[in-house]
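Pasting in a structure now, in structure tokens, and then I'll have a few things to ask.
Letters A, B, C, D, E and F name the chains as they come in the text, with residue numbers starting at 1 for each one.
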Amino acid sequence: MEVKVSRRAHFNAAHRLFRQDWTEQKNDTVFGKCNNPEYHGHNYELIVSVTGEIDKETGFVMDMKVLKELIREKVENALDHKNLNTQVPEFKHLNPTAENIAVVIWNRLRPHIDHNKRLEIVLYETPRNFVTYSG
Amino acid sequence: MEVKVSRRAHFNAAHRLFRQDWTEQKNDTVFGKCNNPEYHGHNYELIVSVTGEIDKETGFVMDMKVLKELIREKVENALDHKNLNTQVPEFKHLNPTAENIAVVIWNRLRPHIDHNKRLEIVLYETPRNFVTYSG
Amino acid sequence: MEVKVSRRAHFNAAHRLFRQDWTEQKNDTVFGKCNNPEYHGHNYELIVSVTGEIDKETGFVMDMKVLKELIREKVENALDHKNLNTQVPEFKHLNPTAENIAVVIWNRLRPHIDHNKRLEIVLYETPRNFVTYSG
Amino acid sequence: MEVKVSRRAHFNAAHRLFRQDWTEQKNDTVFGKCNNPEYHGHNYELIVSVTGEIDKETGFVMDMKVLKELIREKVENALDHKNLNTQVPEFKHLNPTAENIAVVIWNRLRPHIDHNKRLEIVLYETPRNFVTYSG
Amino acid sequence: MEVKVSRRAHFNAAHRLFRQDWTEQKNDTVFGKCNNPEYHGHNYELIVSVTGEIDKETGFVMDMKVLKELIREKVENALDHKNLNTQVPEFKHLNPTAENIAVVIWNRLRPHIDHNKRLEIVLYETPRNFVTYSG
Amino acid sequence: MEVKVSRRAHFNAAHRLFRQDWTEQKNDTVFGKCNNPEYHGHNYELIVSVTGEIDKETGFVMDMKVLKELIREKVENALDHKNLNTQVPEFKHLNPTAENIAVVIWNRLRPHIDHNKRLEIVLYETPRNFVTYSG
């Protein structure tokens, strides 16, 4: 009996979409107002899902208290109230689009999830824009 | 690295569920109060998702600004503040159930999405009733 | 100890904003696409609030089961899956704007609420547009 | 044309996570405050989804009125305002974790859904914790 | 410049509505299934609002970090994952209706809020039922 | 018949809470991680409400299309995708707390609202923190 368990979390951060190797004009054309050099920001809403067999003894796929702490330690502490471009190492040479942030979060959590279980990240940049990544 | 990007949109419309080739009684039995000949209506909430590889240069699967405009042009302009039965050509001979509206929206958007990417439509008729179609 | 108790309900309906005594052009200028002669529709979300003293015996300001039934009988049965313009008598000569619908609902419920208690109606026409009326 | 149709429902219940064959200390370690012997409770939000072909005649995968009644009869009547541990037979010897409740609901509904259609249960224990089970 | 600042919190609890001095039949008539002797439960959502002048120096009416900790200490620690009837002293002889719970929470917080500021409690028992108390 | 009409809008922005005339240590003590010198950000959700008499002819307190455009021009264009501290003139010498942002928005809109009508601003900094200002 395989079940997907999901935990919602959130963090607030500033970011800017641009490439240093592009001209200002090309950055403006592609990234529009997301390329504001003074940054803008979001309340990111995050859903972390782990899929696996129910443990017969506990009735858990994974203890939500453990998952909650893992998200706090590996994601919230690293990203909350941060400037993604300047204060999060993965984005030193990677554009912090919602897609790339979801991949970064997946990579941060994957080593800490039982290797028999699958991991999925849903990341809301705004209530109207969100992305899903499953590895 | 395949990611699903999703954009939420909405439109308001009137509709009526019925078949012209059925008796009034059969329509009432099957469609109940949704068969009101004077119509009723909904705030339809729409989630359009496109799945594909992240573009290495931009960090985008698809530019959300482009997807937003596509939804506006192909879906919102055609369906918003309309009577689906009488003012939207696809429903001239097709019952505007949530299922069929989702298929119509998918068909309207599919030609404009890169053929290497997958398209999914989630359509909320009410906060409690919704449908998902992926082609 | 005065408390406000609130109950959420909902109904779906078609409507059209226009005045029969105005020209088509003036209706279009003032009401825009809400003046579609074939109607459009909404999922109306309704919050009915009653304010009064807590009954010492029951701990209730008003029994929510009673309020729920009252809303069902006086509001939902009358408006749900209806065309407000053609099937609800109050709108025969009254434009069914959100403001006027809220007043109509307040007038329908007021006689059935204890006269020592206050009544407030919040009506969402869409998740982004809503109105509040307290008599 | 295969479509997934989804219906949201809800019920309120009390529960306690523990195993009678474990020591009090082990129960506390594993289940923490969810092991309160006097129980705690939740507003469970439920999404029941049925996937299958659209019926050409009606435009429905499944009549939502029928699904709504099925959920009411098989799930809400059995679980709403109940103590899951003491008043729902399936949990006599099964820990009422969100995972197990989702499986129990799936098992209650599965015999009543057309065998050519697939069934999925999403169960929110809180707005931040939820599980998905598809059989 | 008077502003109302609001902080949302939540707790889960079991409860039962009944009066020991009433017959079983009267309890059933008045409280219906909320009178289940084995209890049921809710995810209570809480909005605590404090109204006062903006402090010219900080730009705060009240530091949200302080309010958040106050709610945690005085409300969440006392009510979360508890049986309101048997484990919260205020309800030993008081029916734990939403109205009474809101008053209890207001009384717990009031002594810790600056006496020049006003306090308001909104308590959601379910997404459809909620109450407001301002002292 | 006085009614309050409300319109929801939103904007994304970066900000930092601090006072230039305070030591770094005092800023850290009072504003904590909100004092990150590299900024962080939010999806601000805004509810603008106007209270007044229903116009007998139109059935409107205020045309929502006009209010929507006013919010776009005076608030969204000025604040969306901006760094509040460095790119919005009002915050050159004013800490951009939620309280102060709400007052700034109220001041921007007030001159454009009929002087017989009242104006209220609700500003969500996150889904859990929000403020209300009515002048």
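We adopt the following convention: a residue touches a chain if its C-beta (ideal position, glycine included) is under 8 Å from a C-beta of that chain, and two chains touch if they have at least 3 such contacts.
Just so it is clear, the model here is predicted, and its values are computed rather than measured.
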item: Intersection of contact partners for chain B and chain D; value: A
item: From the options A-F, B-C or A-D, the pair that copies B-D, where over half of the contact pairs coincide; value: A-D
item: Copies chain B and chain C touch via same or different residues, half shared test; value: same
item: Chain whose average C-alpha position is farthest from chain E's own; value: B
item: Distance-maximising chain from chain D - centres being C-alpha averages; value: F
item: For chain A placed onto chain D, the superposition rotation in degrees, Cα atoms, nearest 5; value: 120
item: Cα-centroid distance, chain C relative to chain D, in whole angstrom; value: 34
item: Distance between the centres, which are taken as Cα means, of chain E and chain C, whole angstrom; value: 29
item: Chain E: positions in contact with at least two other chains; value: 127
item: Which chain pairs touch, all of them; value: A-B, A-D, A-F, B-C, B-D, C-E, C-F, D-E, E-F
item: Residues of chain C defined as touching chain E within the complex; value: 1-9, 49, 54, 57-61, 63-65
item: Chain C - residues contacting chain F, complex; value: 17, 19, 30, 32, 94-100, 102-103, 127-133
item: Partner chain D, residues of chain E touching it in the complex; value: 10, 12-15, 33-34, 36, 38-43, 80-83, 86-87, 126-127
